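Look at the two complexes coming up: chain A is in both, with chain B in one and chain C in the other.
Presenting the complex of A and B:
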């Protein structure tokens, strides 16, 4: 098999790389050992929530703050991607999301504060249009929990919100009375609510609870693929606004994005092979010539490409293997600088955890380089997403933002043989 | 509370709680005080092996005899606290065959039943073992849960009118004419201090016994000895696994519910609060353990921690593994003429009931009570039994903890932490180490206990921090990945680090 661009990794970074490359008219293959982390993440695309990470106040205008970040942190992935590509990647994604049938909205100039399942407010940049509802509205705010779901507690959410908003937020429970023999997760419930009769049960209970006209915060379980129908059906019946709150994994909002994006790429001609890790890579003179995977019955499949994108998701995505005194990059064996201590004393430390900052060092073309010798290690490999060094997505709130923008640049570079003019 | 009792027991480990129950069964009015929660000392930081005694037969026959006697009794009276897994001793081709004969003779002498099994048969039942096994024997070892045991002892004593206070620290003794006649206590939540008067104090402070005796001006030679343990996320073997060789580091694996506890080491420390395991210690353990379980280094570790043995040396005797595992009753009137205080030190968890009996026999006589010990005849029960709840009622699927168990575990408690709940229910002790159930338990208690939301936030954060502490020395492989998932959830998704929470430090 021979492709122009092979993307390794099927997370947001991999998808974004595939998108950029296929738009350049390239023959693209995405291969991955599993589904990426979108299925557990919120589905929001956070560009930059806190800067510096220890800041108590959220970033209001991420685009403006990017300028200082790029100057002050030259090793941050955003400094490698550059502001122009960041903006382009965001704008392209907004357009493409319409075509995917899962329209996103948001502005690089203004973060939106979204309520979390703990009742905190988290700054995010791009979000599904269906969640474009401001928590600061005048309507009454109600938080609704569903008895069948063990991962959402409305009173807890409501009281934390009250603390931050300084206004009354009402918690309520509803019981869908589904006859089930186990605890349900968000995905199970979202499938159930696609059935009109289950949905009508929910609507009836909400009517009885007198929540017409309010802003209803509800766990994100309002349909897996038929979410549009589910949400508008409820909103119209109650003349209310519904704001879904992303839940603990599995995350239905993440699922929607992953599935829509993948389908979109398939329709554009991107091929996918999912379920097999890269077994080995063959190199020649600082280039990767070929990678291979073992498919069913241990058959070795060789895959050649002009250029490769490495978007293997870091520690969580399994692109990086952490050993007691060493960190290994799984596909190409790229060198990783090991932090002196893996962890800080506090889990919730606002500095982030040293282990999380570890990753592949790259130059401005996202090619891996050796931090000691500054030598470019592989000229046709472009690295993106959580495998990159230099940031901690969780304290900074930049996970999907880095994935989207670095993926986009890696895909472009791979399509253009490593050179971007302009 | 009533500020006068007959006997105050210091220390809420196996020994202290066993003493409380024994006192209560003999009708003696008593109070137990524990500076933290029950079994947060060594009785909650140990291997969890209910020894058959086979480990000690060659060097310490007397200990071995005590172990097998107590092993049989505890299996009878405390089934809620014990998982009768059985145990095995295996010798590999690298071990000294001469030791096996001495060991078999010792077991016979101590009355410990052994049954040989062929290496091929054994490997079928326990496929994780090294193929280098040359000899293998089954023994009546079992797994014991120190948290449940301490709580069950206290519950049984409370039913007879005894009192127990956790988060209450002894900060001094009231002495009169060379006699102890009370203890000064400090409540860790409120900071309030008070005096409780009594006729007798039993110091069951384990590795802290020396510090406690020091408060009464007594100098006893307790040598804290640190041992590191690690936990794997699954049952590696179905039975307790021992290395058939002279006792050393890294030679015992104990299956507990869904996990395995492996260890340990032995290193003299001068600080009984030295309970952190280091990366080096963990790596040394793993290297040793690989001799029995070849694939050990690839298995997922979820925690590492250390416990501190209360080894007692009357007059500068042996330290570390050479020190006796016997226990000693120290009558301070013999030592310095101070009346009203007795310390029980040394020993093992397996023999806690015997230690309690010895201490209570002694004190009962002083008090003129002639009722005999009956702790070997009466059953004890877990305060929070595993109960079959309806599907949909479980908040922790790793360890099957239901809402009802969460309610029972905090009954009658004013303050509680999720760690207190965990010790009674195993909430968060399984493979996910609290990633999902911490959030659920917080949401559940917030509503059912009507907690202030900042209190609930603290409940949640404290538990996540506590789980984190144990996983820090083993942050690699799948545990590193799991940690990133936990961070993704609590920081990335929930943004919890920015939420206001109470900050009363315990």
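Presenting the complex of A and C:
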């Protein structure tokens, strides 16, 4: 098998790299051990939520803050990607999301505050248009819990929101009466609500609860693929606004993004082989010539490409393996600096965890390089997403932002053989 | 069963990604799904001791073994492995045992049918037979037509040697696939032999008859190894047979034999992809448009879509390649009365997609996918070899 660009990893970083490369007219293959983290994540794309990480105040205008971040943290992935490409990647994604049938919105100049399943308000940058509803509107706010869904407590959410908003928020319960004996999750409920009779049951209950005209916060279960129909049907019936709140995994909002993005790429001609990790890589003079995967029968399948993108998701994505005294990069065996301490005693420390900062060091072309010798290690490998060193996505809230933008740059570089002439 | 997959149990982080990929969950809400049935319950089963089946184990019968859960898992867990293993423990208590037995033994039906095709075709069309099958719990649907076999092999000697294992569907229902495969392999300069082995055991296994599947696997492996040691590569044209030889045998008969076998099995197009030559006529007019359905068991092999890639290169101008949907038949699953509605519901998005794309025909590697797609769409379905054979450079080989 021979491709222009092979992307390793099927998370947001890998998808974004594949998008950039296929738009350049390249033949692209995505290979991955399994599906990426999107199915567990909110589907929101956070550019930058808190800066410096110890700040308790959310970033209002992420684009403005980016300038100081890039100057102050030359090792941060955003410094390697550069502001121009960050902006381009975000704008391109907004366009492509329309074509995917899952339109996103948002502005790099203004973070939006979105409620979480715990009732906190957290900053995000890009979000599905269907969630473009200001929680500060004059409408009455109600939080609706669904009896069948564990781990979502409307009273708890409402109480926390009241504290932050300084206004009344009403908690309510409804029961979809599905009569299914097993424990259900958000994906199951989202499937069920695509059925008109289940949906009508929900609408009837909401009418009885007198929530017409309000802003209804509800766990994100309003349809898997037919979310548009589900949401507009309920909104029209109640003359209300519905704002979905991302749930614990499986996250339906993340699922929608993952599946729509993947399908879009397939339709553009990107090929996928999912289910098997990279087993080995062959190098020649600072280039990766070929990689192999073990297929179902443990025979190596060789895959050649001009250029590769490494988007294996860091520690959580299992692209980095944490061993007692060593951190291993799983595909190319790239060197990873081991932090003196893996984690701080305070798990929720706002400085972030040393382990989160560990990753592959790259130069401005996202090629892996050795920080000691400053030597570029592989000239046709471009690294993206959570495998990159130099940031903690959790404390600064930048996970999908880094994945989207570094993926985009890595894909562009891979398509153009490592040189971008802007 | 092998220990390899047992160890992966603890890697499950309960992310439920597998759950969102299961075609049965999507159509039948009572089905607990791969995460719960697989890794989650397996812990409980281990804690309780393997002997007593849990009540929820009943729903294992609904797992189609499509393996979409396995390949989606970000953490290397294979839920379908636990499902297959535990289904086997339950089999003893099944009420629909006789019907499962008949469907699991399609080779017997096949053998009788191919000797007296007229009779079986008649019998299967005859309403009485159909309603008797209805009583037995076999959904009322058209069974494959049986044809007589007459296969031609050139018998030329070569260093590149292939033992071709066509599997039940091609052998008993569509020997044209066998002839076309041989023609193609010979055009690629392979010396071809036809394997005289039995059913690979997929249907027996997916109906939970594990002991019997094991016996078949041991016997077949013995035959295959003899050839392998003489330098033959084992080639399949049915995705499910292929996956069974490549993966399932090492689960049901772990050891050095199945490990040696698995390394020497190729999907036909996986093998051809490694060859330098392209013995096709590039001047022949291409088919304008067709739809290629990727069988679940091809997708699970991790080899990409080699047949589709070749079709695009030599035979079809606009080939829609789809791997988003399971067709729902899942071997013998859709032939069962109580599962028929689920099978059709699973296949529905695929049927709609095919109808919307307005193609003259569909191409797929798997015989049972073919039956299901024809049943659900009335659009003709062909095996890739049947199309590609007509594009061979020296297409003077006598047509079947």
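One rule holds for everything that comes next: the second predicted complex is superposed on the first by the 422 of 422 C-alpha atoms of A that agree within 3 Å, B and C clash if a C-alpha of one lies under 4 Å from a C-alpha of the other, contacts with A are read in each partner's own complex, and residues count from 1 in each chain.
What we mean here is this: a residue touches a chain if its C-beta (ideal position, glycine included) is under 8 Å from a C-beta of that chain, and two chains touch if they have at least 3 such contacts.
Bear in mind the structure is a predicted one, so any value in this text is a computation, not a measurement.
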**Asked** So, on chain A, is it clash or fit between chain B and chain C?
**Response** fit
**Request:** State whether A:355 touches chain B only (first), chain C only (second), both chains, or neither.
**Result:** first
**Message:** By the touch definition at the top of the document, which applies to A:389: first (chain B), second (chain C), both, or neither?
**Reply:** neither
**Request:** Name the contact category of A:276: first (chain B only), second (chain C only), both, or neither.
**Result:** second
**Message:** On the chain A superposition, what angle, as a multiple of 10 degrees, is formed at chain A by the C-alpha centres of chain B and chain C?
**Reply:** 90
**Request:** Go through the superposed model and pick first if A:343 touches only chain B, second if only chain C, both, or neither.
**Result:** first
**Per-residue contact with chain A, leading partner among chain C and chain B** = B
**Asked** Which partner does A:255 reach: the first (chain B), the second (chain C), both, or neither?
**Response** second
**Prompt:** Should A:265 be classified as contacting the first partner (chain B), the second (chain C), both, or neither?
**Reply:** neither
**Message:** Under the stated touch criterion, which partner chain does A:293 make contact with: chain B (first), chain C (second), both, or neither?
**Reply:** second
**Prompt:** After superposition on the shared chain, which partner residues are touched by A:39: those of chain B (first), chain C (second), both, or neither?
**Reply:** second
**Request:** For A:192, select first, second, both or neither according to whether it touches chain B, chain C, the two together, or no partner.
**Result:** second
**Asked** In whole Å, how close do chain B and chain C get at the C-alpha level once superposed?
**Response** 7
**Complete:** Going through chain A, the residues touched by chain B and also by chain C turn out to be 37, 40, 180-184, 249, 318
**Request:** Enumerate the contact residues on chain C facing chain A in the complex.
**Result:** 14-17, 19-21, 25-26, 29-30, 32, 36, 56, 70-76, 243, 245-247, 259, 262-263, 265, 273, 299-305, 321, 323-324
**Message:** Per the contact definition, I'd like the list of chain A residues that touch chain C in the complex.
**Reply:** 1, 29, 33-37, 39-40, 178, 180-185, 187-188, 191-192, 249-250, 255, 263, 266, 271-277, 293-299, 301, 317-318
**Message:** Quick check: in the complex, which residue numbers of chain B touch chain A?
**Reply:** 279, 282-283, 391-392, 394-395, 397, 436, 439-440, 442-444, 446-447, 453-454, 456-457, 460-461, 464-465, 468, 472, 475-477, 480-481, 483-500
**Prompt:** Taking the complex as given, what residues does chain A use to touch chain B?
**Reply:** 37, 40-42, 56, 116-122, 148, 150-153, 155-156, 159-160, 162-163, 180-184, 246, 248-249, 251, 314-316, 318, 321-324, 342-343, 346-348, 350, 353, 355-356, 393-395, 397, 399
